[in-house]
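Several structures are given next for inspection.
Next, two complexes with subunit A in common: one pairs it with subunit B, the other with subunit C.
Now for the complex of A and B:
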């Protein structure tokens, strides 16, 4: 049973297979980790490869020690610590590289393979995409083939070795599925995860200033996906509510510090209810983007006074919530504190702003009238909706309103709120997402980062907080059709890579085809998220309940039954058919001939010799008499004759092939 | 395979010493094959545990999938390990006698009656060098286990452990096998060349230089033939080993007897008698052998020689 001490002297093919597999496994980390670490690992792998051909190149003890220190130093220089996602993964990669260098015994090979398995796992901390899953499946197969080669010795050809590994992995899949579904899940984390400061926050930020939304507009990243139960809201009702901004210093709008408790006055809801499940991509904030406005939601979420849903913790991984929303609502009275917040201005409005607002106030007395005037102003004056507004270094709102008049949604929303406040109407800026692309393949709505949007809310007597979207006044198509990413890309293409240019080529066929592929891909990704990645302890509990598993006894019964089933299936699979693999080609051709005759009702009886059968068949089918006789004679000659020629087998095969009835 | 009584079935000795020896070929079956994880297997278990904890901690479903996939592959590999041994038929081969001090060769034949190949099957016997073999489907492969023959008499084959680590090297599947397989060990012929005892007159000089100098031809090598008689030239050319055969021209009759070797201990006396038998046979003489309780009449030839050596080997047992 002792295998540890056995030294590892594989032939070159096995050695190179091992190196290739390890490199294959580590390759996706090229995207995740620092360049230094990646180069270090590649160098060690190449070194090992070279020393397979020139053993003199193998490093000595001292050099290995220096290499170890170098690796540790590289990790520290890049990340300033040895734990956490990036640093931890780097450390494992460095370890894998070093272990490659001193792979001498069988045990070392096992250590390398096990380390490689773990390195594969660290990649999932960066991405859990379908593509990576498929990639790792291949990687696992390769590593398993390395182990098979190590244990079978040189008799196995590389092809059989790889095939065996593939079969083994394929047979493991159903068992894996059973374990995935039934193996009891524990809600993590078991210990505090080191927080990774490097994790980039994607999506909406916690300030609004010129450029804070438009920077997202070319991002194809999905922000969330929504499955509706029942009706789907019209495009101009699809406002997904994010953080609400009250306070401005004239340039940027900021969020107040988070409050502990929220006393929410429930709005009155009316009209159609939309019930949906939203699958949020991680964005490192607590916001849950509900359709304006949410009424019912899971207990783990809380509602702020601004009707924003908050999760208990930062959404650092993909999450799912089922929510009901009503687009028709009426919020209640305004508290004095809210009124103060909703009228806050950094300093006195400029004379131009005051003049403009005074004109509106004179012509219309009620707030609704002033709002309409303001929207009319945006619509009628030469305002331009553009992704690339000119930079405004000073007095942004004033300059935008009266001088540049070119802006993106955040310009319009903030300027509108500013104007409302100047006119004495409480108003605030709401950010979130607007629209989304309906995926007809997967029947869900996909909202991408490019759909990020900012709009305004004004408090109107009798209605409460009312959503007003000044962007819709300037660029109605933006609200009705959403951002046409492809056109945006085409417009920007000059500054991007040739690949992007090709993809956004206006040749319609290609464009269409590309769009369709993207739709299919998005639905695969969504299904993957929904069915695989969101399976958690809660879902497992629901799944068990659906199967009638209430306690550990039920679970054990199911597990035992399924394990036996899987075991039997694998057992049947690995027991090959009784037929020996190398069958006599003459016999094969003859049985094909028999099959052809049997189809026409001439069946060879058991115990009937070929000669007797040929006579009977010829009498039953006189038209084929000559062929039957010739084939039988040829077969007897090849199989039992003294001087059978290889060409006779070929002739027999051809005659059988040509044989028709 | 006869059913096993319950008591024997539960006996833990079965895992290491195997079942009672039989004359018949042994077919490896679920009753005889045992399987446990080895050190690499426990290493994998540790890896899986760590991966599982990492998966829980990060709530990472792909990490769960990888962990469970590896666990599932390991479980299936256990079936492969079992299948690599299951159905193999082990039978005994030749049993050529050897002299004490030489190596006895136990030949075990492995027949694979099934359609799948067996890879890296290892045979272990207490002190013998382990043998690794692959058995293609429908084929029979022989393995030679070399055992140092220490004492004269019957050398019984000890428990042979047939094992495999195939396919992943994380499970050790083994089957202890006992065959009724024994090799006769002749006494070690004494080193010094003593003159033949003479019932009367001068002792005959038994040195091969004189008595056995007449070259008679070649014959096939048998285990136990002296190395210096091997015809190395033909062996070097890749032929089967041949042995040079010598014979003297004597027609004298020798009476080899226990009483002629007085003064030394019993084993040495047997060794001396053994030497005389061999030398006399080589010299083509006719000889008889007298041991207490056994008397073999005067004769010559291979079967006579074997008979004499056998009675020397089994003397006193």
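Now for the complex of A and C:
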């Protein structure tokens, strides 16, 4: 196809529509790319907009060259390379902006539009949310309307242009759906993206120290979502196990370096089994959070001796696993190495710790009794559960236990483990998530980063490792109701003056409304994850099997059936309108006549009347003047005249048949 | 009969120079029993055109100059007390003529405008409780200044709809203008032109126009045009059924003047602009030129 390479001046409305669409397409990259790149692109777009009104502003070749160098330099300064997700997308954005500046021919405009399509695609490297999908669909519609305007010229109004584009997009949707469902899926990501070291992440970390969990508590980001296939555990059973910490230097608790395989002693399980599918958000670690304790899980996961599930690779994208867990379990004996780890203390306990522990030991000889004494201690002494504990620079556990007594779950868990170890009971700190919000709309449990929690495990003879949550002793509501983000926001507003209290009431009302919106939105997002993003080769195979497709023959049968169905539907829509035209034999003959002329380059325009056309055709093909005139006259007589004679139709047919050019 | 029409046409062309399409359209309007609206700047020959037609057809002719203080009674007439007989006599207004030239109709108030427009639609007037018929044939040529000029009351859409056609004369080309400048005074010329057609003959012609054949395929095309005006989104509102009828009548008259007995798509296209231009308002542009307004209809609706 030849696209005019001549100088091209689009109508100003069309150009502004193009600029708007391009800007619309690029806008989501504001969240993904460096500010410099975004500003650079916006500047170029604004420049182009301005030069639509004052052509003198159009940059010359030298300036363009400098701009190109600047753009490349910006990318390099930001990312130190030209490949990879961020750098590559930036480079595309820079290219799009530069191409805007040198839109001179019609071909350039097409190039800009196609580049914009590509830039829209690069956004999926950063996010695949349902919101982005809807946004991209709108962006594609806009770009199509630009193409329509480009081809139709100024005849169409903007409204019609947009309407036509919307209709086109809507018509493309079923095709998109069929391709999505039936095009063979490829396992894993299509292309491997290099690890981006600076990718920010929220979530549990690989150390525990004061503040490591409470920093998450205002984060509404989901950590994972769970669909249960049966009963749902009660709130106080919802402990989602994450990394387990043995080693401490007195302030921070750290994970041992990556260890070899251990023999995992299978615990004995009893009681209700919970079977569920967990959809994990990416968190850049190998941990798979499972309900205490997992029994069956997919083969690609492995279980550590701390009963933590590990994936083979870091969870860098959203993953799904189906797991069965039992809340009642009994682990076996303790190995000497584990006993040593479980009793490790960074230094000699202070005198007051020794005194406290000795008092417990004296009154009760068995470990369970000591545990109860310790929990009693937390419950009866004036301990406060707070999000904003005072900072403790030195000897945090000792100071917390005897002086400040204000802490969050990590303070209680670490202090409790310290006390147990001082009393000679093997203990360790477990981090993970506790609770979660039941979404009644989507019927699933959503666990957010704010639900991050730390608790303790003590090894008791006869029971093995037993979960003990000292936070529950101090703040039972944390365990029973979960972290209530909305109340916390309002609580921060409540406080000092009456005005602020009124405001906080409004805030509560607003949050009530907001909570409902959030629930609906979360279930839409979850459904999107379940049905669209997790549609992998395995799911596709299941879907095909449900349709009875076992091999390529079945697939072709289905596709053929779908095409026939589409054809019938389209046919039904179109036929009634064509009916009156196709019946008239005179028109049929005349159409043949038109076709013959069209082959020789004489084409009748849509709105052109037959007589006008005959005059034009005769002047273009003078040698056929007589025939053209006679055929047209016959046709007019038959079609519009008063008494149509059947013999006239025959004569018309004959003449058209004999008509040669 | 057709010879008469041809002679009429040619004679008119000698008075109004270089405006044969407009003269044809005016005659077509007359044959279709419709009224004509001429919109143009002053001095391009609107009045002369009306006067010429009246003289050629031998119709009795009256000109009403519309001014801002014109009252309905000035148009339809009123009763006057006769001192001798001690009775009231109805003094007919200028409307009781066969051909009315309503000059600069948009200079007067809507009240006076509506008095004329009612008469145009009903072919009769009601004065002081008594209904009086207007003479036949009855033909109104109204002229108006472009609406953007000062001191005008633009006709509302409902009243514009009463006019079968709206045409504009435009400036003459340089050759016609030269001929005009060189030639005789138009007023003298008007005195001299012969009557080509009597009122009765005109009525017969008008009746004959009604017999011009319209086939179903032609009606398909006409309806497609109307549907396009309503559904394409080019216009703020589509053509009314009355506009459809007007289009059909005008196309018949045009066909009759062409000397054929069945309407062709080209006949509809020839009158589409003058008949529909003032009844449509394009969404995208503020175009007032009839041919520009109907261009999308002509280009996009299949004509066969």
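Of note:
Rule of thumb we're sticking to: the second predicted complex is superposed on the first by the 531 of 661 C-alpha atoms of A that agree within 3 Å, B and C clash if a C-alpha of one lies under 4 Å from a C-alpha of the other, contacts with A are read in each partner's own complex, and residues count from 1 in each chain.
Simple rule for what comes next: a contact is a pair of C-beta atoms (placed from the backbone, for glycine too) under 8 Å apart; a residue touches a chain by one contact, two chains touch by 3 or more.
Given the structure is predicted, the values throughout are model-derived calculations rather than measurements.
Applying the stated contact rule after C-alpha superposition, one finds that A:639 touches subunit C and leaves subunit B untouched.
By the document's definition of touching, of the two partners only subunit C reaches A:607; subunit B does not. The wider contact with subunit A, measured as residues touched, comes from B rather than the other of subunit B and subunit C. Within the superposed three-chain model, A:571 lies in touch with subunit B and out of touch with subunit C [touch as defined at top]. In the superposed pair of complexes, A:163 makes contact with subunit C only, with no contact to subunit B.
Look at A:317: by the touch rule set out above, it reaches subunit B but stays clear of subunit C. Touch criterion met: A:587 reaches subunit C, while subunit B stays clear of it. Touch criterion not met for A:556: it reaches neither subunit B nor subunit C.
On subunit A, the surface touched by subunit B in one complex and the surface touched by subunit C in the other have residues 155, 580 in common. Taken together, the subunit B residues at the contact with subunit A in this complex read 38-40, 43-44, 47, 50-51, 53-73, 75-77, 79-80, 83, 115-116, 119-120, 132, 134, 137-138, 165-170, 172. Taken in their complex, subunit A has these residues touching subunit B: 1, 3-4, 106-107, 110-111, 114, 117-118, 120-121, 124-125, 128, 132-133, 136-137, 140, 144, 147-148, 150-153, 155-156, 164, 168-169, 171-176, 179-180, 183, 185-191, 193, 317, 532-536, 567, 570-571, 574-581. Note for the complex: subunit A touches subunit C at residues 155, 157-160, 163, 580, 584, 587, 590, 605-612, 636-637, 639-642.
Listed in rising order, the residues of subunit C touching subunit A in the complex are 213, 215, 217-218, 220, 232-234, 261-266, 269, 283-284, 296-304.
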